[in-house]
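Chain IDs A, B, C and D follow the sequence of writing; residue 1 opens each chain.
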Amino acid sequence: MKWSVDLKGTLSPLSILGAFFQKPNTIAYPAVKKESVVGYRGFHTNVLADCIGCANCQDVCMNDAIDMIKVDAEYNEKNSSQCIPRIDYGRCCWCSLCTDVCPPDSLKLEEDYLNVTNNANDFLYMPKDK
Amino acid sequence: MEEGFLLEQKTLEGDLNSETSHQSSVDFLMNWFRKRSIFVLAYGTGCGAIEMPPTFTSRYDAERLGIRGAATPRQADVIIVSGYCSYKTLRRIIRTYEQMSNPKYVLALGSCTVNGGMYWDSYNTIKKLEDYLPVDMYVNGCMPRPESILEGFIELQKEIGAGKASSWQKYEENHEFYRKNQEAVLGEKVEPSYEADWYLYEGGL
Amino acid sequence: MENKHITIFHGPQHPGITGNMSVELDLIGETIQKATTHVGYLHRGFEKLVERRTVIQAFTIVCRICVPEPDPNEANFAAAVEELAGIEISERSKYIRVMVLELSRLAAQFLWLAGQSGSIGLYAVGQWAIADRDLILDLFEELTGARVYHMYIYPGGVRRDLPEGFLERVSKLLSYMKKRLKDYDDIFINNSSFKNRAIGVGIISKEEALANGYVGQVLRGCGIAADVRKDAPYLIYGDLDFEVPTELGGDVYARALVRRAEMDQSVHILEQVVEKMPEGEIMVKMPAHRKFKLPKDDTWVKVESARGEFAYYMAGDGTEKIRRMQVRGPSLVHAYTLLENLLVGAELSDVALIMNSLGICPPEIER
Amino acid sequence: MFKTIKSNFATADVEVKRQDLYKVVIKYDRLSALIDFLYNNYTYKILNAITCTDWIEEGHFALTYLITTEDRSNTFMIQTLVGREDTKVESFSKKFKQAQIMERDLHEMYGIDFIGNDNLKELSLENWVHTPPLRREFDTLEFVNEHLTFREGREDNVDVKAETKRLRALKKAQKEADKKAKEAADASALKENEDGK
């Protein structure tokens, strides 16, 4: 490696010092939260009054993440199997194919996505009813 | 609203008063030191590694919370298993994990570490990380956002501060169980065997 | 004095590696005598998994093949399926695809900027570059609903229409980028500490580059204007005005200059796309996933990713499943044929520099 | 060009798939000659990829060599069929340097032997002793079930089709029972009426 005087190359990087006078772009996470985006693919929600228990979501899921289970709840009277989906978040990839194929459009994704736990068995998720 | 340094301090100290009753003051002090300086091993084991740069650089700036990268396992406190883990990587992760000095913690990102995730039917990835390494914290997502990763670190810090995160002790105690599982997927023997001093001496440290 | 060989592993656990891979180096002193690449730490068997899934199910998994830049995979997959099934997509979805591809190229170049500067210790550049990349990811989040794995380019079109005011936000970002990219010239490209490290390191000759099938910046850095967007235009690239930047040096610095010029070109393309974006449908009608069948036929499609030509071979067999999907990323040949030769005679401290300038990305080598 | 290829090498016509993509199917013993022909007489000088498709029903592998012109404007797909068992294929690693790594990949995934390739070590797998994974007879889910375990807690999954059928049958039975009861009630009412008369 040979050394040559390169005045521009030596001085121009110093322009980075200008950043001292700029506002930081940091999002101070736990206190300041970024605005959630409309249509973000987060947790599932399922309107029980609309769900017809057709298991289309289970069929399209390539990760085998959806179980159709019976719970103690009031079903839609059109719900022919009286089952509703439960999602295993140890499998899900949030591709939202399940919401695309849902005939009554009851399964949806919401903006919330935070789930941190030290127990790996906490990842079976019952979609919120809303 | 408070801003900057004070705000981060508050986040870190928010849980101070709640969990201290059962700790002696030495323990409390040790845990306080530990949770305030978390060095994360620079090892991107899977997809989730792509969200690590935003977490550690200026946008989300994990260093505000005392979290920063470390180049070698000897200096690191936390190893992040960022998603799926093929057999070949698992061997390296085990080796790296055993080289890290106590106390050490494992943070698992994404669906793949919980129940196989997208690669549940793949012939070359493990499905449940907890069979092979003790995991302190799981973070939800495929892949988790930087906010989720930060949240995982904050929860981990809380557990460390309360003296609850002790997975490395679990690894020592159940070493045979973990070794058996590891060798079942990796072949006959996990080479090289890093049965360091704390495995051999009774009582560990 | 006797020469002593040392063998060390550079990676997989190493801050100066471009992913989960490793290079076994045989050294005398600081000079590399022999280099052997090892991959497979990220092998998930994509090509097997795709065979087990229906076409629509397989579409969600392909974006995981290349982590820093998932969109070329989606575009390739969609293009291959459309060609086999004979689907013609709408004009608007073509424009949206080009926009997504160019945004992702830009994002990947920022990631390269961070890696390349980090490999010689200029960490401040990395801090800026990753933050600027995040601005692009914010746009992606708004458009597709996810930051990194978008799963957006769907066989038959794209999955969502542009949100309201999205194009204005893109042009706002572009005008910011135009100003911002000049800062990177000052602090990194023209930086004498980068120049001194990069000029004359990792030189590839033109003949070798042509004969061995290298792609992307490696070719363009030796003065060959190879770019799939010009050579075999796909989507709407034939109608757009852009240049293929080339340099003659063939070294790390030449490749850096090429990449920097490509960022300008990406911004230029995006401006045209935003201006010309037509109205219309975004998706043709697709049958249900169990009924969507591919004929017994095969095809070969390619797009230009941020690191060069990214190609897929796809064969259908008359059922709803894909018979075979072969991924040919730019890194396969670069990581073996090129890197193993290029590192011989180089210094140990230049390994990270050279690897970053080739843009080697392990997940697409082993799939 | 097409005419020469057809008369000298191919078993069928050259297929023009796209403006930039031609495909030809040839017998294996003419492969090397065709690649040489294209290399020497035209500008097809870059080997882009080698891929393999497993047609297990028909009992052969379809090896596809993708060769591109120097200006990258055209790609030739040369497909040749070889047997599935103990496949031995001539290596192109002397002619094209990059073929070495592609053949190594195929050797690992399909178990094809490339004669003349001096490095066919494991590429992405480690200590693999089972069937080469991309062969069709290798069932990856079966392999996973045999060697690994999934997380418990998901056994309460209900087979929706069976459940729907059961519920429907139940409903039908209920309806019929109702109907019968009603009929019986009607009949008894009628009888009572008659009796009353």
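The rule is short, and it goes like this: a contact is a pair of C-beta atoms (placed from the backbone, for glycine too) under 8 Å apart; a residue touches a chain by one contact, two chains touch by 3 or more.
Computed from a predicted model, the values in this text were never measured in an experiment.
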| item | value |
| --- | --- |
| Pair joined by the larger number of C-beta contacts - A-C, A-B | A-B |
| Chain closest to the middle [Cα centroid of all protein chains] | C |
| Intercentroid distance (Cα basis), subunit B paired with subunit A, Å | 22 |
| Inter-centroid spacing, subunit C versus subunit B (mean Cα positions, whole Å) | 30 |
| Distance between chain centroids, defined by C-alpha means - subunit B, subunit D (Å) | 39 |
| Multi-chain contact residues (two or more partners), subunit C | 40, 43, 45, 48-49, 52, 60-61, 128, 131, 149 |
| Subunit D: positions in contact with at least two other chains | 124-126, 133, 138, 140-141, 151 |
| Sites on subunit B at which at least two other chains make contact | 58-59, 88, 114-116, 118, 120-124, 128, 142, 145 |
| Overall pattern in which the protein chains touch one another (line/ring/star/complete/other) | complete |
| Of all residues in subunit D, those that touch subunit A in their complex | 151, 153-154, 156-158, 160-161, 163-164, 167-168 |
| Parts of subunit A lying in touch with subunit D, wherever the complex brings them together | 53-55, 58, 67-70, 80-83, 88, 90, 120-121, 124 |
| Of subunit D, residues touching subunit C in the complex | 17-21, 23, 45-49, 51-55, 62, 64, 66, 68, 70-75, 77, 79, 96-98, 100-102, 105, 109, 122-126, 133-134, 136, 138, 140-141 |
| For the subunit A and subunit C complex, residues of the former touching the latter | 1, 3, 6, 8-10, 12-13, 15-16, 19, 25, 37-41, 59-60, 62, 93-97, 100-101, 109 |
| Parts of subunit B lying in touch with subunit A, wherever the complex brings them together | 1, 3-4, 7-8, 10-11, 58-61, 64, 111, 113-118, 120, 128, 130, 135-142, 145-148, 150-152, 154-155, 159, 165 |
